[in-house]
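In the two complexes below, chain A is the common chain; its partner is chain B in one and chain C in the other.
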Partner chain A sequence: MDLVVAVLFQLVYGIANLALISLGLAIIFGMMRVINLAHGEFLMLGGYTVVVATNAGVNIWVAMLILAPLVVGIIGVIVERLLIRWLYGRMVDTLLATWGLSLLLIGLVTSIFGASTATTISPPLGIIRIGDYSASGYELFLVGVTIALFIAVYATLKLTKLGLVARGTMQNPEMSSALGVSTTRVYMITFGLGAAVTGLAGGLLAPVTGVLPTIGATYIAKAFITVISGGASILAGTASGSVLLGGINGIFSFLTGPTIGEVALLVAAILLLRLMPRGITGRFFRKSL
Partner chain B sequence: MNGRDTLRKMRPVFVFALIGVIFMFTAPYVLQLFTIINLTTAIALAVLALSLALVWGFGGILCFGQVAFFGLGAYAYTIAAINFGGSTWAILVAIMVASAFAALLGYFVFFGRVSDVYLGVITLTVTLIFFSLIRRTSGPEYTIGKALMGGFNGITSPPLNLPWDAGSFLFPEHVFYVAMAALILCYVFCGWLVTTHFGRVCVGIRENELRAELLGYDSRLYKLGIFTISAGIAAIGGVLFCNGVGRITPDVFNLYNAALTIIWVIVGGRGTLIGPIVATFGLFYLTSALGGQSLFNNNLVLGIILIFFVLLVPKGLAPTVTDWFTRRRKPRRAAGRRRRAARRTGATEA
Partner chain C sequence: MKLSRRHFVVGSSALALTAPATIGRAQSDAIKFVSILDLSGGLDIYGAPMAETTKLAIEDINAAGGLLGREVELTLYDAQSTIQFYTQYATQAAAGDKADTVHAGITSASREAIRPTLARFKTLYFYNVQYEGGVCDYNNFCTGSTPAQTVAKVVPYAMEKWGKKVYIVAADYNYGQITAQWMQRFVAENGGETLDVEFFPLDVTNFGPTINKIQTAKPDFVISALVGGAHVSFYRQYAAAGMMQDIPIASTTFGVGNEQKLISAEEGNGILASYGYFEGIDNPVNKAFLERLEAKLGADRPVMNELAIRSYEGAMLWAEAVKAAGTVDREPVIEALRSGLTYEGPSGAVTIDPHTNHCSMNVYIGDLQDQTWNIVESFADQPPADTALVCDLVANPDQSAFLFENGLEAAGIK
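== the complex of A and B ==
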């Protein structure tokens, strides 16, 4: 019984982890049709923000929950102004330009902080006991944060004026701008918010994974495959993609080890795309957010 | 298209191939052995660039994971050569493994009608999964036949030998000849392929997929075909690469190398074959030079180059240069025509 609970918890954590790293990418892709190849580097920047801030004496919770999204959000807005806005509607060029940005950010961070791991921080919160087994309290916290983040994004899109305007712009940019919405501003804010969510995720994961200039590469494969399998809707897509792929990854990892788990995740995603080229939400839950 | 027409269209290809042949036979007498060994690696990478130039520039397929086939070819060659005790069949195995994998992956993505941007992301993801998968094989239990996978440290590649004579290994300067010859042959093959009916249909699909389908061509099959062929060429590059370097590590599959391949083609120019090859040599020496200093990080410089080209020189160098020349030559030709026409009319008047 305890084993079942412990394994289930690991499964849920795996799913939440996948959802957490993918949500920022999904926001930017779902709203703006921009695939941000520098997504992994935004996560990395969130992690570095937390490490630098805590080393400077800032409370770790403040650094993770406030500073990381703030810093990366601002970087996101700058990137949108300087780079992305020239390339709207040219998906391939955006993809290539953000890949250049990814290399640029890796190079910049390596020049500043060096290629090796910056001082690591240990995860706060102790361990929790499940009968004979134990689990990390911080992982439980991450699951909670992921759920809270999904609710927050849902509420923003559904209940606020900004959310309404953003959804309108997503559906029909010409009509929105004819009605007096500044679509460029909406895009800028959306990109900034997506970057902020990504920064938050990177900051939260920094104590678990440590930080490296090249750590983005370990995230992006999983994040991309989750978002693409999920399809165009931001929340339902990310959630269904994470549950399916995270579940498969978790089950295979439990049975055979982490290596096969990742391969199973990829194979499942490719099989899924053969059956549903537009992702899960291209076929099911079409009207969802 | 008749034979003479093909030859006429391929004239530039033969010119560049001839330059390559001259270079191949003079370089070992002019350059030092160290430079020759370095060049072998650059040639291997040029073959990789050529394969991407074919599939992206002419097939219109955005393959971000061309290094996957390159690395797969290198690994397949190394493992097969260790097991067979000779390189003759190992080369064939390398090409077959990479092409078969590309055909399988291509079946899922092309027949699933995955759009081009998704395709880029999927191929990139496949590459990164290879990276993390092979990196973890660092235990004595991970063997394929007699070859130990070696995880992060990779495998030492057996050198090429004369066909069907496993005892006589080739020396580095001979590997250079082999590599250069392979590059020239692959280049001429690609140059020929794009003039064939198959190649022109691929270009047609790149330009307008719907129109090509309405004309009765099954675009999925053509895309699968060019994707598989280019994977085979990338595998040849992989075989040369692990011979030039002497070993193969999972690092070939990393994000940096995937990006580098894209940069060669972007800088050289999509839609040409020689552009990416030349760009590869140029950038290979640039990154080597950058490796010798610590002021500017390699990633930083490459990132700036990529952004610069995407924003300001989206066509790449080779097409930009050709455009510039044709624009300069056109007025003169037009003027010549006008002069000739004037002379003719003058003659009739007289």
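== the complex of A and C ==
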């Protein structure tokens, strides 16, 4: 019984982890059809923000929950203004430009902080006991934050004026523009928000995985597969993609080992995209956000 | 000639183009030492300190008047954690730079990518990294420790301390696979039991399911051969789940990338590891070495580990052999090395074993406390017994093989 609870908890955590690293990418991809290959590096920058801030004596919660999204969000806005906005509608060019950006960011961070940083931040919060088993309390916290983040993004899109304008721009930019909406401003804010969510995710994961200039590479493939499998809807797509792929990965990792777990995740994604080329939300939950 | 702007531009760019060639010619009598290491990408946690000590070694050699009255010139290539660059730069070093010796490679995969190239071009090759053993190559000197030197020491020590039931986690490529086989062998030899063996691709960062499995299996301790930046998260997540106190960890890789500095003191306390070098070694050579390193790089210098120290000692072994041979030509230098050459370095005496082209060396067991390794036991002059089981270059020098490539079974050991 304890084992079942412990494994289920790990499963939920695996899913939340996937959702957390993918949400920022999904916002940018879903709203703007921009594929941000520097997504992994935005996560990495969130992590470094936390490391630098805590080393400077900032409270770790402030660093993770406020500074990381703020800093990376600002970086996102700058990147959008300098780079992305010249390339809207040119998907291949955006791919190349953001890939270049990712290499640039890795190089910059390496030259500032060195190849490896001494990240001596431990996951805060204690241990939760499940009978004979134990898990990190911080992982439970991350699951909670992921849920809260989804609710917050849902509320922003559904209930605020900004969300309404953003959804309108997403559905029909010409019409929104004709109605007096500044679409370039909407794109800038959306990209900034997507980057901020990514920075938050990177900051929250810093104590769990450690921070290296190249840590982004370990996230990027999974985030992409999740977003593409999920399809166009931002929240429903990311959530369904994470549940399916994270679930399969977790179950297979526990039953066999992590190698087969990763293979199972990829096989599931390939089969899924063969059957549903537009992702899960291309077939189901079409009207959802 | 009237100096127009166009002439000036053409003339000066031609000058700029020829300038490197002139410099190259002026130094052409320098001895060429090429090093290829990963200074960026996922493996740079290992490569960066190795590059620093390689530079220091060349500086020391030149400060002592060079070799044979000639200066030694270091060329350092960054392979960027990409195998393709290793082959490219190895070819460049051997055919283009006409290197007198190449010290290169971190992962076994990178070594295997360049070893045949360097053998073909008859360029003397040093691999200065602890690895799974099994290279049997007349042209290739492997100065790092191998499982019979380290795993064979840390396994019985940990079993004595913690118990007989062992759970193995390892990186999923030839180093991890083969080292895991040696671990199982040494566990069995010491009357213990291996409960499970798990392999992880190098980019895995979520170790939750594995931690559950370890909790289910209830071993007395976990022994790890995990590799690279992403795998550091295993130790963090393991500690965060409160496992460090219940089920301790011994490792054959933790520390060579200075992982002890990547996790907090509480997370790392009590981890055991075994290598050919720890900073705490109490000998005057080591103390002087660390002082000089600190003077050169400042207080935030990288912590020295076996990989970094052996890169220094590997360069010095080669330099000693050049001095003994009186030439940099490959054959006499190899013969000098294989005559049982010894170098007294920071790790103690390192002696080339002519049967395997590996080294006999001192081996230490370290216990991690507050991010510092305390040496709890040391073993003098340990031979590379694993490779010696299958390789005899004295009987047959004409070999260039990696005998454990497909596991120990293929080598007739398992």
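Methods note: the second predicted complex is superposed on the first by the 287 of 289 C-alpha atoms of A that agree within 3 Å, B and C clash if a C-alpha of one lies under 4 Å from a C-alpha of the other, contacts with A are read in each partner's own complex, and residues count from 1 in each chain.
One rule holds in what follows: a contact is a pair of C-beta atoms (placed from the backbone, for glycine too) under 8 Å apart; a residue touches a chain by one contact, two chains touch by 3 or more.
This structure is a prediction, so every number in the text was calculated from the model and none was measured.
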{"item": "Side-by-side fit of chain B and chain C on chain A, or clash", "value": "clash"}
{"item": "Contacts of A:134 with chain B and chain C, given as first, second, both or neither", "value": "second"}
{"item": "Which of chain B and chain C A:218 touches, first, second, both or neither", "value": "both"}
{"item": "Touching partner for A:262 - first (chain B), second (chain C), both, neither", "value": "both"}
{"item": "Partner chain in contact with A:194 - chain B first, chain C second, else both or neither", "value": "neither"}
{"item": "Touched partner set for A:209, first chain B, second chain C, both or neither", "value": "second"}
{"item": "First, second, both or neither for A:24, with chain B first and chain C second", "value": "neither"}
{"item": "Which superposed partner A:277 touches (first chain B, second chain C, both, neither)", "value": "first"}
{"item": "Contacts of A:103 with chain B and chain C, given as first, second, both or neither", "value": "first"}
{"item": "Touched partner set for A:93, first chain B, second chain C, both or neither", "value": "first"}
{"item": "37-45, 73-81 or 181-189: stretch of chain B that collides with chain C", "value": "37-45"}
{"item": "Doubly contacted residues of chain A, that is, touched by chain B and again by chain C", "value": "106-107, 110, 214, 217-218, 221, 258-259, 262"}
{"item": "Complex interface listing, chain A residues touching chain C", "value": "3, 6-7, 10, 13-14, 17, 106-107, 110, 114-123, 126-127, 132-136, 138-139, 207-210, 212, 214-215, 217-219, 221, 250, 253-254, 257-259, 261-262"}
{"item": "Parts of chain B lying in touch with chain A, wherever the complex brings them together", "value": "62, 105, 108-109, 111-118, 120-122, 124-126, 128-129, 131-133, 136-137, 254-256, 259, 262, 266, 296-307, 310-311, 314"}
{"item": "Of chain A, residues touching chain B in the complex", "value": "35, 83, 86-87, 91-93, 95-97, 99-108, 110-111, 214, 217-218, 220-221, 224-225, 228, 258-259, 262-263, 266, 269-271, 273-275, 277"}
{"item": "Chain A partner contacts - residues on chain C that touch it in the complex", "value": "39-42, 44-45, 47-48, 81, 172, 198-201, 203-213, 215-216, 229-230, 232-233, 236-237, 239-243, 246, 257-258, 261-267"}
